[in-house]
Amino acid sequence: MSNLADFWDNVREQASVSVCEAVTFATPELFDRGCERLIEGAIVTIGLLVVSCLAGFCIAVPLSLARAFGAPWLSRTAWAYTYLFRGTPLLIQLWLIYFGVGSLGKDLLGPVWWLLGDAERVGLLVLTLNTSAYVAEILRGGFVNVPADQREAAMASGMSPFLTLRRVLFPQALRIAWPAYGNEIILLLKGSALVSTITVLDLMGQLRTLFSRSYALDLFLYGAVLYLILVLIVTGLLRGIERLWIRAS
Amino acid sequence: MAIRATTVSASDSVPDSASDSAIESARTSSASAQTPPATDATAATGWVEVRDLWKRYDDHQVLKGVSVSANEHEVISLIGSSGSGKSTLLRCINLLEIPERGEVFVAGERLPFGEPREAGDKRPRKINNWKNVYRLRANLAMVFQSFNLWSHRTILENITEAPIHVLGRPRREVEEEAHALLKRVGIADKAGVYPSALSGGQQQRAAIARALAMHPKAMLFDEPTSALDPELVGEVLSVMRELADEGRTMLVVTHEMDFAREVSDKVIFLHQGQIAEAGTPAQVFDSPQSEAAQKFLSNTRIARK
Amino acid sequence: MAIRATTVSASDSVPDSASDSAIESARTSSASAQTPPATDATAATGWVEVRDLWKRYDDHQVLKGVSVSANEHEVISLIGSSGSGKSTLLRCINLLEIPERGEVFVAGERLPFGEPREAGDKRPRKINNWKNVYRLRANLAMVFQSFNLWSHRTILENITEAPIHVLGRPRREVEEEAHALLKRVGIADKAGVYPSALSGGQQQRAAIARALAMHPKAMLFDEPTSALDPELVGEVLSVMRELADEGRTMLVVTHEMDFAREVSDKVIFLHQGQIAEAGTPAQVFDSPQSEAAQKFLSNTRIARK
Amino acid sequence: MEGLSLLALGADGWGDELLRGAWLTLQLALVTLFFGILLGLLLAAARLSSWKIIRWPCMGWLLVVRGTPEFLVLLLIYFGLDRYLSQILRFLGIAEQFELPRFAGAVVGLAVIFSAYAAEIFRGAWRAVPKGQMEAAVAVGMSPLAGFWRVRMPQMWRFAIPGLGNLWMVLLKDTSLAAVIALNELLRMAKIAGETTRDPLFFFAVAALIYLFMTACSDLVRLWLERRARRGVRAVAG
Amino acid sequence: PQAAKAQGVPDPLRIATEGAYPPFNNVNSKGELVGFDVDIAKTICKAMRVKCKLVAQDWDGILPGLVANKYDAVIASMSITAERQQIVDFAGPYYSNYLRLVAPKGTAISSMADLDGRILGAQRATVAAQWAEDNIRGGEVKLYDTQTAAYSDLESGRVHVLVSDVYPAHDWLQTVSGYEFVGPRIDIDDKIGIAIRKGETDLKNALDKAIEQIRNNGEYKKVNEKYFPFDIY
C-alpha cells in the first residue's frame, strides 16, 4: 500500500519536473513560475478522474440493471441511491463526508479512518460514488431504449439473461448512452475541482493557491487551458471509441 | 458419435445445450426417435406440443385455447389470415410471451411455468424454472417475421454468436460452418457487413442461416420466405425438406399455400385465435370442413386456379 | 372541381402540394392525361421516368444504368432476385438515395440534381433545388419494404399525419377518410393503437393506407403484399387495379409472379443492377429472351406449373 | 432543538434566507433550462450539419465551453458581455454605461454551459432514431425541417430525456456558481449561514435536503415525460 | 466637519464585502450584513456624507467585480499586498493584523522549530497561508477555503496547528474550550485596507481622509470596542 503511494508521489514529482523543463521555452514567465505545481496538480486530477471513472462505472452497471430490470424493491433501492447522489451538490457531499463524518475522529471511526482521514481518499470515494449515480441513470436510459426485438432474438437462441445482457443489450445500450456518458466524464473532470475545498491539491487546488499569491487573472487562463487540454484528450478518446461503432451502424 | 447420440437419447431426451454432445446429437438425431415414457398424467405426445393455450394482450384475447402437437420429422404449417395469432402462437412456444393458461412441452419436458390454472384465473403467469427454458430454447431455433438481426454485429457474427456463446463451440469451427451456411443461402459475400446494409431478402436469408447454425432439434419459422423471390423460395423449400428428412421438427407460419401443400405433413388453419381446421394438406386444402377455412381458401388465388 | 383540375393540368403539371387543388386534381385526375410539351432536349416521355441511373454503396455498384419510364394509368412491375437492386431503384426515384449518375423525371419535371456528368466522374452528386423535391415527393407515395410506420404515432395518426401537415387538409375530413381507408384494408379496429402492437400483416396494411391517404399521382410499392395472406393479397390487388383505373402511375416491386402477371401493364426484370428483360407480362413470362430471366422464371414454381 | 430554532423563519432564524435562496435557485434553473434547450438544439443541428463551415466552428465552441471550468465561463460572460455590450451601446450612442442585470448574466452564462452539454445529448438522440422513420417522413413530401419537428423530434426525446434529466440535476446545483457574481442562491446562503453560526455542516445538510426535495419533484416530472416519450415503444424491461 | 460631501465620491458608494468572515463581515439571521468591516464602512460613508450600498460578494469574484465596475470599493478585511496592488489600489489601512498559532491545549510549541513534522492548517488566500507556505519547511501545510473548515479539521485531528489572523482566532477561542494560542506572536506587518480601482485618486483621498477623521472623532473607537477589547488599528 505504502509502496504504491510512494510510487505515485514519485511519478508526480518527476513527471512535473520533466514536463516543465520541456515546455518552459514556449510558455509565459508567469506560467513557468507555477508550472511544476500546476502540472503536479494536473496529474492528481488525472489520477482522480481515471480511478473514479473506472470504479464508478463498475458500480454503475449493476445499479443501472437494477433500475431497468430489477424487481420493484431493487429498482427503488437503486433509485434512492442514484437520487441521493444526483440530487445533492458534490460540494455538500464532500463536506459532509470529509468534515461531517470525519469529525467523529480517529478513535470513533477506527479502520474507516484510513479512508476518511486522508483528503485524497475522501475525494476519490465521493467522486466515485457521485459519478456512479449519474452513469447508472445514463445507462438505464440506454437499456430501456434497446429495441425489444433485439433482446427477443437473443432469448430465442437460448441465451440466458446474463448472456443476453453481455452480448446484445449492453453493447447496444452503451452505444445509445455514449454521448451522455461522454458528458458525464467531462463534468466529472471539472467537478473534481471541488476536491480542492477539502485540501486536495489537484489542478484547481494548486491554481487557487497560486492565484491567492499573485492575483494575476492570467493564471486562471492558464488553468483553463490545462483543463481544456485534459478535456481535449478525453473527448479524443471518446470520439475514437465512437468512431469504431459508427462504422457498425 | 453414434455412441454419444445413444447415451443422450437414453435417459435425458433434451441434450445439455452447453456440451458438445448437444450438437452431435442434434446432427445425428435422425437415428434416434425418442418419445420419453409417459411418466405422469400430463406427459406430452409430440416433440413440441402446446395444450390449451390462452394469450391476451390487454383486453384483446389473441389465442383462445390452441393445442398443437408436432412429432419428430414432422413439418407443420400454420396458415390463417393476418392477425389471427400465428406469430403469437410461435412466440408462446418458446415463451417469448407467457400465456395466461395452457401448457408447453418441448422434448417431452413440460416447460415449468406456474401451477395448473382454474379457467377464470386471470393473473399473469410466472415461470418457475428459467434455467430449463434457456436450455430448451437452444434446441428450438426461431426465424422472426421481422428477422431481428442484431444491428451491432456483422452478418457472420450474427450467425456465430449463439453457437459460440450458448453452445460453447470453438470459434474456428463455427465460423467455417457459418461461411458454408451463408454460401448455401447465397449471401457469402455479405459475411462482413452489418445488417443495415442488406436488402430485405438478404436479411431474411441471414436470419435463416442464423437459426440453422444452432442445429436445433426443432425450428419455428415465421413467414421465412416472405421477402424472397420465387427462385429463393424454391431454394429454401428444399433446405427445409432436407431438415425434415434429418428428423427435425418444424413449425412454419406461411402465407404461401403452394409451400404449405408441398412441404408439410400437417396443416393447421388458425382463425381468430382458434384452430378451425387441421389435418393433412390434402384434407385442409381440398375438403375444408369449417366455414372460415372454406372462405379463406376460396379467396386465395391458388384455390381459384 | 373539374374546372380546377383543368387549370392545373394546363400549365404546371405538378400541382402545388400545399394547396387544396392538389388533392382535388389528384382525385379527379383520371380525366386529364398530361404529358408536358417537350421543351428541352432532355424532356421526359413518362410521368415517372429515370434514365441511365447509376448507384453505388461504397464499392458495391448496385445500379448500373437503369432506365424506366412509366406513363399515367400504367402499372409497372419490377421483378428480380433478392439483392438485384429493386428497392434501391425505388429509393432513387424519390431521391431517398442520390444516384451518382442519371436523371429522374417526375411529372415531366427534371428533378434538379447536379450537372450532367461524365461517365468516369465519381464524386457524390448534390441536389440543387430541394424545394422541388419535397413538392414532387408529396405526389409520389411510397410503401416501404419494412413499412417504417412512425412508432410514436397511433395508426390513425400515422395515416393523417402527412395529409394534414404536408397537404394542409382539414383534420376532420382527413380523419374521416382515414377511418374509411382503415376499413378498406381491414384494420378499422386498430385505429387507436401504436404500430408496435400490430401483427406484420396489419402493419403492412397500415403502411398501404398511409400511402393511399396522400392521393398521390404516382405510387411506389416495395413488396406491398409480402406479409399478407392470400385472401388479403387478392384484396390489395383489387385496390391497386382501382387505383390504376383512376389514372395513377404505379411502380410495384414484387415477388408474386401471379400478381405481376395479373395487374401490370409492363414487367421489368432486374438482374444485377441492370434491366435484363422488359415488356408486357406475356412477353416476359412466356417468352423471356435473356438467359438470366429464363433461369429465374424456370426456377419459380409458377413457371413449373 | 437548537437546530430547529436556527431554521426559524423571520428575524431570528435562517429559514427565510434559505428559502429565498432556494427560490432564486429554482428561478435560475428553470429560466436557464428553457434557453439552454433551445440553444442546445441549435448547437446540435450545427454540429450535425454536413457543411464543414458550420460544423467545425461549432465543434470548437463546444470543446471550449465544455473544456473550461464553469465558474470561469460564468465570470467571462458576465464581466465580458457587460464590457462589450457597453462598448457597442456607446458606439451607437444609445447609452453611456450598460450594466447587465446579475440575474440575466447568470442565466446567459448557465445557458451557454448547459447548452454545450445538451447539444451532445441531442446529437446522440438524433442518431438513435431509426433511419427508416425519417425516410418515411421525407417520402411523403415533408421537408427535412417538417420531418424534424413531426417525426424525429418526438422520437428523440425518449433517448434524450435520461441524459437531460442528469443535466437538469447538474444545472440545479450549478446555479451555485452564480455566487461568483453575487447572487445569493441556496448554496451560498447555506455557506453564509454556516460561517456566521460556525456550523456549516448543519446548514449544508439542510441545503442538501432542500436540493433533494427540488430534485425529487423534478424527477417525478422527468419520469412522467420519459414514459410519455416512450409511448408506442415495446418495453424491453422485465 | 466639512459641509459638502467629498469630491469625486460616487453617491451612493457601492461597497462589496464577503459576508462570511465573522466577526469582521458576515450576515446575521435577519439577512443583514454585520461585523466590524460593515460598521466601519457605514461609519466611513457617514463621514463622507454619502449613502452606502453594501453587497455580499463571493471571495473568488470580489476583485474581478471591482475591476469590472460592479461596485466602487471592497471593505472585506483585505490585506494590502504587493500582488494585489498590481491590479487595484488601496486606501487605508483601517486596521492591522498579526498572526498567531492555535493548537490544542498543552501542545508544546515554543519556537518555529517545534513545527517540524507537524501538519499546519491555514485559510487559503490569506496572509496566514502565505506566511505558512513561505516559512514552514519541516512540516506540511494544508489550505482551507474557510476559517471554519480549518477549525473543523483541527478538531478532528487532521491538522495539528493552525496559523491564523489573530482576531478571528481570538473570536473563535471564546466559543470553544481545549484550544489556545501557542508559540510567539508572528508579526508580519499586515495592514488591512480598502480596495478601489486603480487611478481613482479622488476616491482614495476621500477614503483616507474619512479614516483619519473617524480615528480622531472617536467613531472608530466605538466600533472597535463593540468587537474587541483592544485597539486593532
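Letters are used for the chains, namely A, B, C, D and E, taken in the order the chains are written, and counting of residues starts over at 1 for each.
Assume a contact is a pair of C-beta atoms (placed from the backbone, for glycine too) under 8 Å apart; a residue touches a chain by one contact, two chains touch by 3 or more.
Values in this document were obtained by computation on a predicted structure and should not be read as measured data.
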item	value
Where chain A and chain B overlap in contact partners, by chain label	none
Centroid comparison with chain B (C-alpha atoms), farthest chain	E
Chain pair, A-E or D-E, that carries the greater number of C-beta contacts	D-E
Interchain centroid distance [CA atoms averaged], chain B/chain D, Å	52
Mean-CA-position distance for chain C and chain B (Å)	35
Inter-chain centre distance, chain C versus chain D - centres from mean C-alpha coordinates, in Å	46
Residues of chain C touching at least two other chains	146, 196
Multi-partner residues of chain D (at least 2 other chains)	200-201, 233-234
Residues within chain A bordering two or more other chains	95, 99, 103, 148-149
Every chain pair meeting the contact rule	A-B, A-D, A-E, B-C, C-D, D-E
Contact set on chain A toward chain B in their complex	149-150, 152-161, 163, 167-168, 171-172, 175, 245, 248-249
Complex contacts: residues of chain D adjacent to chain E	6, 11-14, 16-17, 20, 71, 75, 79, 82-83, 99, 179-182, 184, 188, 191-196, 198, 200-201
Residue ranges of chain A touching chain D (in the complex, touch as defined)	68-69, 83-84, 86-93, 95-96, 99-100, 103, 134, 137-138, 140-149, 151, 169, 176-180, 182-184, 186-187, 190, 193, 204, 220, 223-224, 227-228, 230-232, 235
Touch list for chain A against partner chain E, complex	95, 99, 102-106, 117, 119, 197-199, 201, 205, 208-209, 211-217
Footprint of chain A on chain E - complex, ascending	63-64, 83-84, 86-87, 124-126, 129-130, 133, 142-145, 149, 152-153, 155-158
